[in-house]
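Input: a single structure, listed below in structure tokens.
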Amino acid sequence: MVKMEYIKKEYERTRKTKGKWYLSSYHYKFNITPFIPFFDMLKEKKLMGLKCRGCNIVYFPPKLVCGRCLAKPDKWVPLRETGVIATYTATFDKDPTTGELTPAPIIAVRQDGSDSLYIAELSPDVKFDEVYAGMPVKVKWRDTTQGNLSDIEYYGRVDDPTEKMELYKQEEE
Amino acid sequence: MGKKKSSKPPATKPTAKRAAKPAAKEAATEKRTRPQGGQASKRERTMERVGIVGYYQVKPSMDLQMDRYEAAFTAVRGALDGAKLKRKDLTSVVSATNDFYDGRTISNCFTVEASGSYLKDETKVEMDGAYAVLYGMMRVLSGNHKLVAVWGGSMASCFPYEVTSLLSTDPTFERSTELLNVMTAGGFQMRSYMNRFGVSAEEIAKVAVKNHQNASRNELALAESQDESITLDKVLGSDPLSSPVTDLMYARPCDGMACILLAPEQQALKITDHPIWIAGVGYSQENYYLGERDLSKSRSMEDAAKMAFKAAGITDPKKEIDVAEIFEHFAHEELILSNAIGLSEPSSPSSIPINPSGGAISGNALFATGLVRLIECAKQINNEAKGHQIDGVHTAIASGQVGFCAQNNILFVLEGGEKQ
Amino acid sequence: MTGRQVAIAGAGFCEHASKRSDVNMAEMVHEAVENCLKNANCDISSIDAFVNGNMPGFEGVNLPELWMTDWMGARNKPLLRVTTGGTTGGSIGIAGYYNVTAGIPGIDTVLVVGFEHQSCGDTSVGLASVAYAETSIWTKLGLSMDKMTRIFGAGAAIGISSYQAINYMKRSGATEEDLARVVVQNRHNAAKNWYTHLKMPNLTIEEILETPFISYPFRYGMVTPASDGACAVIFTTEEKAKDFTDIPVYVNGVASVSNESAILGYSGSGACQLDPCEQIGAVESAKLAYSQAGISFPEKEIDYAEVYSPLPTQELQWLERLGLFEENTAHLRYRDGTTAPNGELPVNCSGGVNSTNSIGASGLERIAEAALQIMGKAGNQVPRTVHTAIGHSWGGVINLVTLMVMSDQQKRKWKGVA
């Protein structure tokens, strides 16, 4: 690891007293009753988005309040299984013996028909170098569904006919 | 278990003047039929007026069956619907929430959509809701905004408030012993007041009795605080929290949210025929260490009251004010704070009704309580307080506080009503 | 009386470091307050009211302004506390402006204090707790714990910014070398400023590109530090400003428009920012603040900018969203030297957040540095005269933005909303 030189100054110590913020003792409240149809449909391997009648925006996963209208969206619409990678990143796993870093990609997917992003994992047979924003992907369901978010195991590759397409004619110099 | 019941949003145009409600227990509320306040228009004001054009309070509960987003949505939507305004009329939203009570940092970053602040000028005040109203008022007075929504509240059922109050103590000297928290501070304050002025615990317990009885007439009070048949012995005999404070003298924290809408003078007159005016405000903070303060008095409330009365042009509070809603964390704080405002003395209680809604004892959703005091005053002026209405209210004062033993106090002077 | 013109009359800082173990929080704030009063040539009795802010989740003290009343000099004076996470510094600056312009009787001069003592707490806990409540529900809804920590814990604030960076780099064509160039410029600037944390006058682009990745596309060498520090600024009326300084800095426009949170969020919020580098909140804030200040051509009328960029892609992105450079050309301006201290539009000559990051104070430091450049008293003063400058910050889950436009002339156009 390269050590970068920077100008540092030493400050003498003061006495310390310990403290703790008991985050894990909080009872966070969440209301999931409006979203029960969503989980029931996941069990049947179907994707549903929640649409706001005021502005026609579709949320996947469902949301309690539409910020644009300040109203509760209440129309369920079916969504297709394909989607598009809107953005992505990767964390790095370090091999303890060799010290080699292998990237593990994480993607944010926009399902076809919805207007919001969902964070998920990528199929293990797609390499990080092949990922690009705008790449089409498809849901891979888990074999036995349970009616919760783990039913979407990961997103796998779909053939992209437009990947190597020329977008516009290059002007001659 | 708390009931999930929210009252319908009040209309801001009052219909007919209501008949006086009979006061069952004389000790609780005093019935006054003619206004004692001086004519508001004759006062020498030094501050421009800001109008309150709408409000909504979610009924507090010991365990609200909504999450904080739904509660914020209910409050803001209720206030907008009650004033017949739309979200697109809003130009700014100010919230009052606390990171430690909610168990998350940046407690305002996920409430953007639920509180109607999407693509609006939004910010957060980390003090009692009354201070958020102060900041909202400043935004209105700047001329940059035509409608500001102020909301706030917290959920004490998620985490006990008394434990988070430990986190407000000085880490250097006080944190390690863990002896100072909100209850013991209240005990110090009550003992100091009793010793200094020779006041007995019974006289302080009378305040708790009055507030519980008033709460029973307030439909938006905590169900556990509504007690028509409470007696002095019941208050004094309840569980001791930190001697001499007992359980029924303490405003127990609960879940709740509230929202208020502010507009500048010109806009307020276009929105409603009878807006409630904020005529003056004052706020001040004392120093922190309990040992350096005189706990039997409230220096910060004295300074705040001076500043607020000067801004509103009030020269004689006992004659000019019709009702007071004081945020009292404990029953004795009501007496200390009303002495500091100038409404009463230790030997002679106030002749003006204080906390006809039951005060903080009727429901202390931290960070919404100050906001609710303002809403209650607004209801009194607008004749919408139903069961606990005082007649002929034209000038009211509302207070909020933050800190151990009311270290930081804020006081609002509200004016309005049909005759001005 | 109301809507009156506000001016900044002075600013002060304390020494920033990764661990200020010689002072506790209150004493550190006192250093900044003393420095500010010295800079404005006055004493504490001239201050009528206070505004205080930090990010309390880091140090584990709730409502610290109650404890440090005496160290700030706020005994028996009005005090307001505003905290909005990463934008706290910008929000307290804006709150200081509103305090003065409202015209509440008795409040003419306001001292705004922002601080952070991050070495007191655990920074990663503080950052993770932004989303801890939201993500704890995902485990109940089926995601396993280690899957969740990997997905949501991609470095917390750095993780969210890396989604943003990927999209920005694809849009604009900026390369890794451009990012490293931004970092090198910031750290060289910081070496000339007295209070900054990472002073690196000899840093090179190659050194940065040799460090390993922390969260693609950012390398360890590009990432902001976590500093302890405090900053204080005086806001006052235009009449009283002449008592404090020869060149009062007039505040002409303020805005803090919020957007839906990006990527994270469960029921209340989240996930509708399809392109996190689009930042409608910043674009709207810029429109609002510029219209208040009477600025029609920001790229021509603004002489100096302090933008909040803990990571280099954000510096490029904000300069475009705030209207200072054309879309997708910000990295070219770094290559040709426009943003250097002797260039046409100098940016972050104080070193920026990439060199000093005490979260509660850093937004305020952007405003303070821009104001000091106009006054001519900055640590790394640019050679040309600065007439109009902006101070900006962002925070939350990249959905909160604040902006303040300052100038040496009262150009405030907005005179009420009749």
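For reference, chains read A, B and C in written order, and residue numbers begin at 1 within each chain.
One rule holds for everything that comes next: contacts are C-beta pairs under 8 Å (C-beta built on N, C-alpha and C of every residue); 3 or more make two chains touch, one makes a residue touch a chain.
Given the structure is predicted, the values throughout are model-derived calculations rather than measurements.
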Item to check | Comparison of A-C and B-C (more C-beta pairs in contact) | outcome: B-C
Item to check | Most centrally placed chain - per-chain CA mean versus overall CA mean | outcome: C
Checklist entry - Using C-alpha centroids, which chain lies at the maximum separation from chain C? => result B
Checklist entry - From the C-alpha centre of chain A to that of chain B, how far is it in Å? => result 42
Checklist entry - Just how far, in Å, is the C-alpha centre of chain C from the one of chain B? => result 34
Checklist entry - Could you state the distance in Å from the CA-based centre of chain A to that of chain C? => result 28
Item to check | Per-residue multi-chain contacts in chain B, two or more chains | outcome: 67-69, 100, 103, 112-114, 117-118, 167, 171-172
Item to check | Sequence positions of chain C contacting 2 or more other chains | outcome: 24, 57, 60, 129, 132-133, 260, 267-270
Next on the checklist: Quick check on chain A: which residues sit in contact with 2+ other chains?
Outcome noted: 19, 21, 23, 26, 28, 30-31, 63-65, 67
Next on the checklist: Can you tell me which positions in chain A touch chain B when the two form their complex?
Outcome noted: 17, 19, 21-23, 25-31, 63-72
Checklist entry - How about chain B: which of its residues touch chain A in the complex? => result 64, 66-70, 73, 76-77, 80, 87, 100, 103, 112-114, 116-118, 155, 157-159, 163, 167, 171-172, 175-176
Next on the checklist: Please output the residues of chain A touching chain C within their complex, sorted ascending.
Outcome noted: 1-2, 4-7, 9, 11-14, 19-21, 23, 26, 28, 30-32, 35, 39, 57, 59, 61, 63-65, 67, 86-92, 101, 103-104, 106, 108, 110, 115-121, 128, 132-133, 146, 148-151
Item to check | Of all residues in chain B, those that touch chain C in their complex | outcome: 46-48, 67-69, 72, 91, 98-100, 102-106, 108-114, 117-127, 131, 134-135, 137-139, 141-146, 164-165, 167-172, 264, 266-267, 281-288, 299-300, 303, 307, 310-311, 402-404, 407-408
Item to check | Touching residues (chain side chain C, partner chain B) in the complex | outcome: 1-3, 24, 53, 55-58, 60-63, 65-70, 74-86, 91, 94-95, 98-99, 101-106, 126-127, 129-134, 254-261, 265, 267-270, 280-281, 284, 288, 292, 395-397, 399-400, 414-418
